[in-house]
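One structure below.
For clarity, chains are labelled A, B, C, D and E in written order, and residue numbers in each chain start from 1.
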Amino acid sequence: MSAQFQPIAPRPSPVRQSGPVAWARRNLFADWRSTATTLFIALLLVWALPGLWRWIIAGAVFRPDADACQAARGVGACWGVVAEKYRIILFGRYPFDEQWRPLVATLLVIGGLVVSCMRAFWKRWLIALWIAILALFFTLMGGGVLGLSPVRTELWGGFPLTIMLSVISLFLAFPLAVVVALGRRAKLPAIRTICVLYVELVRGVPLISVLFMASFMFPLFVPQGVTVDVLVRVIAGLTLFIAAYMAETVRGGLQAVPKGQFEAADSLGLGYWQTQRLIVLPQALSMVVPSIMNTFISLFKDTSLVTIVSLYELTGALALALNSDVQWRPFKLEAYFFITLIYFSGCFAMSRYSLWVEKQLAASKAR
Amino acid sequence: MSDPIIRFDKVNKWYGNDFHVLRDIDLSVAKGERIVICGPSGSGKSTLIRCINRLEEHQQGTLTVDGVELTDNIKAIDQVRKNVGMVFQQFNLFPHLTVLENLTLSPMWVGKMPKKEAEERAMQQLKRVRIAEQAQKYPLQLSGGQQQRVAIARALCLTPKIMLFDEPTSALDPEMIKEVLDVMIELANQGITMLCVTHEMGFAKAVADRVIFMDQGQIVEQNTPEAFFNNPQNERSKDFLSKILGH
Amino acid sequence: MSDPIIRFDKVNKWYGNDFHVLRDIDLSVAKGERIVICGPSGSGKSTLIRCINRLEEHQQGTLTVDGVELTDNIKAIDQVRKNVGMVFQQFNLFPHLTVLENLTLSPMWVGKMPKKEAEERAMQQLKRVRIAEQAQKYPLQLSGGQQQRVAIARALCLTPKIMLFDEPTSALDPEMIKEVLDVMIELANQGITMLCVTHEMGFAKAVADRVIFMDQGQIVEQNTPEAFFNNPQNERSKDFLSKILGH
Amino acid sequence: MIYQVIALALLALGLWYLAHNTQLNMRARGIQSGFDFLGANAGFDIGEKLIDYDPSQSYGKAIWVGVLNTVKVAIAGIVLTTVLGVMLGVGRFSRNALVRGLCYGYVEAFRNVPLLLQLLMWYLVFIELLPAANEAWAFGGLVFLSKGGLSFPWPTTGVGAVLGGLAVGAVAGVFWRRRVQKRFEATGQDGDRFWAPLAMLVAFALVGWVVAGMPRAWSVPEQLAFMVDGGMALTPEFMALLIGLTMYTASFVAEVVRGGIQSVSRGQDEAASALGLNPRQKMKLVVLPQAMRVIIPPLTNQYLNLTKNSSLAVVVGYPDVVSIANTTINQSGRAVECIAIIMLVYLSTSLTTSLVMNAYNRRMAIKER
Amino acid sequence: GKDVDAIKKRGELNCGVNTGLPGFSAADSQGKWSGMDVDVCRSVAAALLGNADKVRYVPLTAQQRFTALQSGEIDLLARNTTWTLTRDASLGLTFTGVNFYDGQGFMVPKKLKVNSAKQLKGATVCVQSGTTTELNLTDYSRANNLGLKPVVFEKLEAALAAYASGRCQAYTTDASGLASSRAKDMAVPDDHVILPELISKEPLGPAVRRGDDDFAAIVRWVGFALIEAEEYGITQANVDQLKSSSTNPSVMRILGMGNEDTGKLLGLDKEWAYRAIKAVGNYGEQFERHVGPKTPIQLPRGVNNLWTKGGVLYAPPIR
C-alpha cells in the first residue's frame, strides 16, 4: 500500500549564468556606479595603452645597436641592451666560453624543482635525486674534474648563483627550522628559551645586517688563519635568517595538528620520537607546504640583497654588465625589466603553485 | 485553512547550472502552523527554509511570504526579513558583541528603535528564554544551550511573524538539547508560525501540526506527526524512519 | 567476582591546583565485564576512562590495570597501553595514512611485528567491523560511521584485553550511529572487557553488565541497566534520566 | 633535565668561543673597541636631517639623525601603505570586474619582484626621467619637480596656529560624533558621522590661520642657477625609497586585508542578513570588527617588514640609520659596535611593536569561556 | 711573520681592490683585473710567491674595505685608500707607502658654465660614502660657506650613475678618479669639466693589517723597488738584459745579482725585486700603461714624478 518514491528527474537551470554578455552585465555594468568605474578605467586604458605599446613594441629597438637605441630614446624601449648583454646578466663573470656549464647546471636545478612540485613524485628517492642534482651542479660549476677547467666561486654569478643561493639555503634551513620548531614546543624550558631567543632575535633584524656580518665580520669570530669561502658564509647567513622564519611556519603546522592525534598515538603506545616522526611531522609539514613555498619565494627575492655584499647574482651581474659600459648604461631600465621578468615568472609560478597545493589540501580535508 | 502566510508554488532552485536542489516544491503554510521538516542529509531541507528569508534565491516558481512575493526587489526582501526570525544550527551569534548588543543590533539599526526601548525589549526576550542574567556576557562565555537560546531571543527581538529553525539542537550536548527544546515548545504554544528542520522526533510529536519529509529536493510526504511516525506512506520515509528510530 | 582487571582505589585527580575532577573513585572491573558510564557533561566521565591508559595521570590513590600499577614508570605505562584499546569521540584516525597503515602502525612500530603479519591481522579486524574493502582508502574518504569502525579496528589490532570507548557515536549522523552500535554490540558479545561512555540508552540496555552514573567527579550510582533505568536510586540520576529520556 | 643542561652548556661554550676569538683577533690586530667613539667628532655631513646637525657634532648624534630618518620613512611608509593596501584589499571584493582585475594584477606584479630591484628602478625613473634641477618642471611657479626632488611652498610662520586649529577641529569632530551616537541611541535617528567632522577640521584650521593674523609668509621654492631652493623639499632618494617601500608592502597588506575579510565566516554574514542589516551595515557592524582581529597581527608584521626593509635605503643613497652606521664604520673602524647598534635599533622597534600588539590583542581578544 | 706564512701556505695573495675604477682597478668582462692598484697586488705576489698571477682579487666598496682587512678577509688593501692619521692609528692597519699622490677635485657638466668650485653655492654633490672625500667635501663646504648638499652612495658606480643622470650638479672624488671616470664613464667626456681646485691632499697607498711587520716591510719595499727601478732605468723590457750584464752596483743590488741579497733581510729570496719588475714594470711604466697621457684617462705625471724630475717620488735606497 505504501507509495513508491518517485524522484523528479533533475533539470538544468533555466537561467544560464554564463555567456559574455551576461557576464559583462553582472561584472561591469551592474549599476550606475559600476558602469561609471568601468568607463573611467576604460578611458584610462585607452589613454595609456597606445603610448605603452609604442614604447614596448612599436617604437622599440630589438637589435643590439647602441646608436639606434640612442636615437629611439624617449620613444621606444631599447631591448637591444638585453640582446647585447644577456650573457653577462645571466651568468656574471663566469668564463665566457664555459657558460654552457652554468646553463646546464641551472636547468638541472630547475628541472629538480619542477619534479619536486609534482605530488606523484613525493617519494623517498626525491632526496637522493636532489643530492645527485646538487652534486652535479657543483661539479659543473666548479669544474676541476672530468676535464672541466676549474672556475673559482667568486666568478660564479648571475642566475645560477641566485638559484643556488635560494635552493641550498632552503634545504639547509629546513631541518634547522624543524628542530627549532620542535624545540619551541618542547617541555624543557631551557631548550624552549634558546629557540625562542634565536627566532625572535633573527626576525628582529634586517637581512642586510645579517649578510654584512656573514661576509665581513665572520673572520673576526673564528680563530685566525681559518678561512671560509665567502659564498659559504653568505649561504650560512641566508640559512640562519630564513630558518628563523621557517621555524615559525613549521610551528604553525605543528600547532594545527589536533590534540586528538597525539592522544591516539599515545593510546597506541607510540613513544615521543615515534609520534613526532610518524604522526605529527608528516601532517604538520604537508599542511605547511604552501607557507614553505611562500618562504621560498621571499628567499628567492631576498637573494638579490647579496649584491650589497658584492656577490654578483642576477641583480649584481646586471650592474656589472652595465655600470662600466657608457654606451649601454642609459638603457638600464630595460635591463631591469628583463630581470624583473625573470624574478616575476619564478615567483608568480611558485605562488600559483602554492595556491594550488593549498586548494588540494583543503579539498582532501573536506573529503 | 486560512490564507497561507507562506506559499511555495512550483519553486525550483539550482546551485550553479546543474545541481537541481529544490524540485517543484509546492507548500502552503497557514498562519500559526507549526511544521517540522525532516529527511536525509543533503535532501535540501536547509535550502528550503533559507529560501523563505531569501538567504538563497530560487530561480523558478513563485514564493510568497506574508503577502510579499520574493523577487530581486530589495525593498521586498527587507520587508520579509523584518517579519522572519531565523535560528541557525551553529547559532551564528556575533562574538564581538555582548548578548544584549546581539539582541539590540537589529532593532536599533534596522528598526530605528531608541536604544533604551531596544534594550527593554531584549531583556523581555531574554527572560522568555530564561537567561536574563547573562545579558552582559559575551556569547562564547556561554554554554551551547545558552548560546542557542540567545540566538532564539535575538530572532524574537524582530517580533517576527514566522520563525525558522535549522537543526537548532544538533550542535548541542544531550542535556542542553532539552533546554532549547523546552524554549521552543513554549514558543510553539504561543501560536507563532514556525518551520523547524530537526530530527528530534519527541519534539515533532509534541508540537508539530505537520511533518514534511524531503528527499532529493522534493517533498516526498507530508502528514500529521502521528500518521507520519506510525504509518509512513512512502517507501523512502519508512526506510528513513527505521534507521533513525532503530536504536 | 573473579580477580578484577581494573581497580580504582580512592583515586583522585585535579586539573591545575584547584579543579578537583575525580573524587575518591573506587571501582573494580572484572574480566569480561561490560560497563556503560553516563552522567552530565563535565562530570569527569572522559577523565575517568582516560586515566585507565594514562592519557591523564591521577594524583592520589592507586589505579591498577591488568595487574600493573600505574605510576610515572614509563615501562609500566607502555605495558598497560599495549593491553588497552581506546576509541575516541572524534575517531582520531591518522589522516595521512591509509586505513591499513593506520591499523598496522602500532603492531609494527610498537609490537615489532613483521609487516605482512601486521597486515594480515589488520585485515582480520577490518573484516570484523565489516569494512575490509576500504583498506586502501584514506580515512577522510570514508563516512563518519565507517571512520569510527576503522578506529575500533585499530584499537582491536593491539589485541587489547580492555576496550575503552569515549562517546563513540556522538559525532555521528543519526543514520550512521546504528552501524557503529551494531559493531560494538558484536564485540561485547565476544566477551572483551569494555568500558563505554555513552548516552545511547538502547545500547546500555542491550549489552551492559553495569551502568555507572557519575556527577561532579564522583560515582553517584552503579547498578544493572534494568535497575538503573527503571528505578534510579539517586535524586541526581533521576533528574538526569528524566532529561535525556524526556524528549 | 640532562638535555637542558647539555644544551645550555653547549650554547654558552659556543658563545664564549666566538667572543673569545673576536677578542683575541681584535687584540692581535690592534683594533680599538668600545663605544667611546660615539662621542668623537663625526666630520661628515648628512644630506637629509630632521634635527639640527652639523659635521662638527659627534658620531652618536649622526647615528641619531639616521635613526630619525629611518623613523621618518617608516612612518610615512606605514601610513601610505595602509591606505593603499586597504584600498587594494577591499577592491578585490568589488562588484566591478575591472577593479577586481586591476587590484589582483597590482598585487601579483608588485609582490613577486624583489624590493631591491623595485627601489633601483624607482630611483632610476626619478633621476633619469625628471628634468635637471636647473630646469625643473614648475607647476604654477609654486611646486617644482626635478631630479633635485619635489619642492613645494611651506609656511614659515603660523604652522603652530593652524595645527592648533586642527586639534580643536578634531576635538569638535569627536564631540559631534558622540552627539550623533547619543541621538541615535535616544531616537534611532542616525546622522552624518563623516562629512560634518571633516568640515569642522577644515573650518578650525582656517580659524587657526585667521587667529594667527593670516600669515602669508610662505617660503616659496624658486628656481636658482642649478637648483630649486626654499619651501619644503623631498629628495628623490626619499621619494624613491618611500614609493618603493609603499608599493611593495601595500601588495602584502592587500592580501592581509582580503584574508581578514574572508575569514569572517559565512554564517556571520548570513545571520546579519537574516536580521535585515543592509550590506553597508553588515560590513560596518559585523564583518569589519571581526576581520580587524584577524588583520591586525599580520598587518603589524608588514609594518615591521617595511621598517626593516627601509634598511635598503643604502642602495638609493638615502641616509637612514644603516647607511650612516656604515659610514661610521668606515670612518671609525668600529664594525662590531656599529652593527650592534643597527641590530639594537631594529630589535627595539620590533620588540616594542610586539609588546604593544600583544597588549592590543589581549584587549581585543574575543571573550571566551 | 704569520701573515707571510699564511700567504705562502695558501700560495695566493688575497688583495682588496676597488670594485671598478678604470686605471686603478677594474675587471674586464673576462674577469681580468688591471690598473695601478692591481699592479701593487701583482708585484707583491711576484716578489713573495714568485708568480704575479697568484692573486685573488676581492672587490670592495669603500665601506667594506677596512672591515675586510681587519677581519683577515684580505691580506693587502690596494684600493686607492688615503693615508690619514686616524686610519693609521686607530684602525689596526699599517700604510706601507704611497703609490699615487692625489688631491680631491670636482667634476661638473660643462653646460653649467661653472669654472671654479667656489661657484657651486648650494649645489648637490654626489659622493661615495665612507671616504675621506666625504669628509673633505664637508670641510671645504664649511670653510667656504658653500652649503653643498652631499648625496651619499654606497657604491662608486651608483654615485657616478647619479651624477651622470643629472641628479647632482657636481661629482667629487680624487682628481685621478675624476679623470678616470670622465674618460670611461661619461657618454661624452667633453661635456664635463674637472674644476681646477684641489681641495685636499690625498696620498693613496696600500695598507696591511697590523701584527706582521715583515709583511708590511715586504709591501713597502716592493713599492720602493719599483720607484728605484725607474730611477735606474730598469724596465720590464730590459730587466733580463740588465740582470745578466749590468755593472751598476745599485742595479745589481736591486736585481739581486752576484752576491747581493737584499731579499734575505725581508725573508725573501734574492730575486724578489727582479720578479716584481719583470711582472709589472717600473713605476713609470705602470703610470704610462694605466693612467698616463696616452691612456683614455690622460693624467699628467705631475707630482707623481721622480724627485729628480720635479715630482715627489723619493724612494729610500735599497741597500
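Note that contacts are C-beta pairs under 8 Å (C-beta built on N, C-alpha and C of every residue); 3 or more make two chains touch, one makes a residue touch a chain.
Which protein is which chain? UniProt says A = Amino acid ABC transporter permease; B, C = Amino acid ABC transporter ATP-binding protein; D = ABC transporter permease subunit.
Note that the structure is predicted; figures quoted are calculated from it, not measured.
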item: Neighbouring chains common to chain A and chain E, by label; value: D
item: Central chain (distance from its CA mean to the mean of all protein CA atoms); value: A
item: Equivalent-chain rotation between chain C and chain B, CA atoms, steps of 5 degrees; value: 175
item: Of A-D and A-B, pair with higher C-beta contact tally; value: A-D
item: Mean-CA-position distance for chain E and chain B (Å); value: 89
item: Gap in Å, rounded to a whole number, between the CA centres of chain D and chain C; value: 58
item: Computed distance of Cα centres, chain C from chain B, in Å; value: 37
item: Centre-to-centre distance between chain D and chain B (centres being mean Cα positions), rounded to whole Å; value: 50
item: Sites on chain B at which at least two other chains make contact; value: none
item: Junction residues of chain E, two or more chains touched; value: 67, 70-72, 154
item: For chain D, residues that touch 2 or more chains besides their own; value: 25-26, 28, 124, 128, 314-315, 335
item: Full enumeration of touching chain pairs; value: A-B, A-C, A-D, A-E, B-C, B-D, D-E
item: Partner chain C, residues of chain A touching it in the complex; value: 258, 260-261, 263-264, 266-270, 274, 278-279, 282-283, 286, 364-365, 367
item: Chain B to chain C touching residues, read off their complex; value: 40-41, 173-178, 181, 199-200, 202-203, 206, 240, 243-244, 246-247
item: Complex interface listing, chain C residues touching chain A; value: 53, 55, 78, 81-82, 84-86, 88, 90, 92-96, 105-106, 109-110, 138, 140-141, 154-155, 158
item: Interfacial residue positions of chain E with respect to chain D in the complex; value: 62-63, 65-67, 70-72, 86-87, 90-92, 112, 122-124, 129-131, 134-135, 137-139, 141-142, 148-154, 158-159, 162, 165-167, 169, 209-211
item: Parts of chain A lying in touch with chain E, wherever the complex brings them together; value: 88, 93, 95-96, 152, 154-155, 216-220, 224-225, 227, 230, 308-310, 319, 323-324, 326-327, 329-330, 332
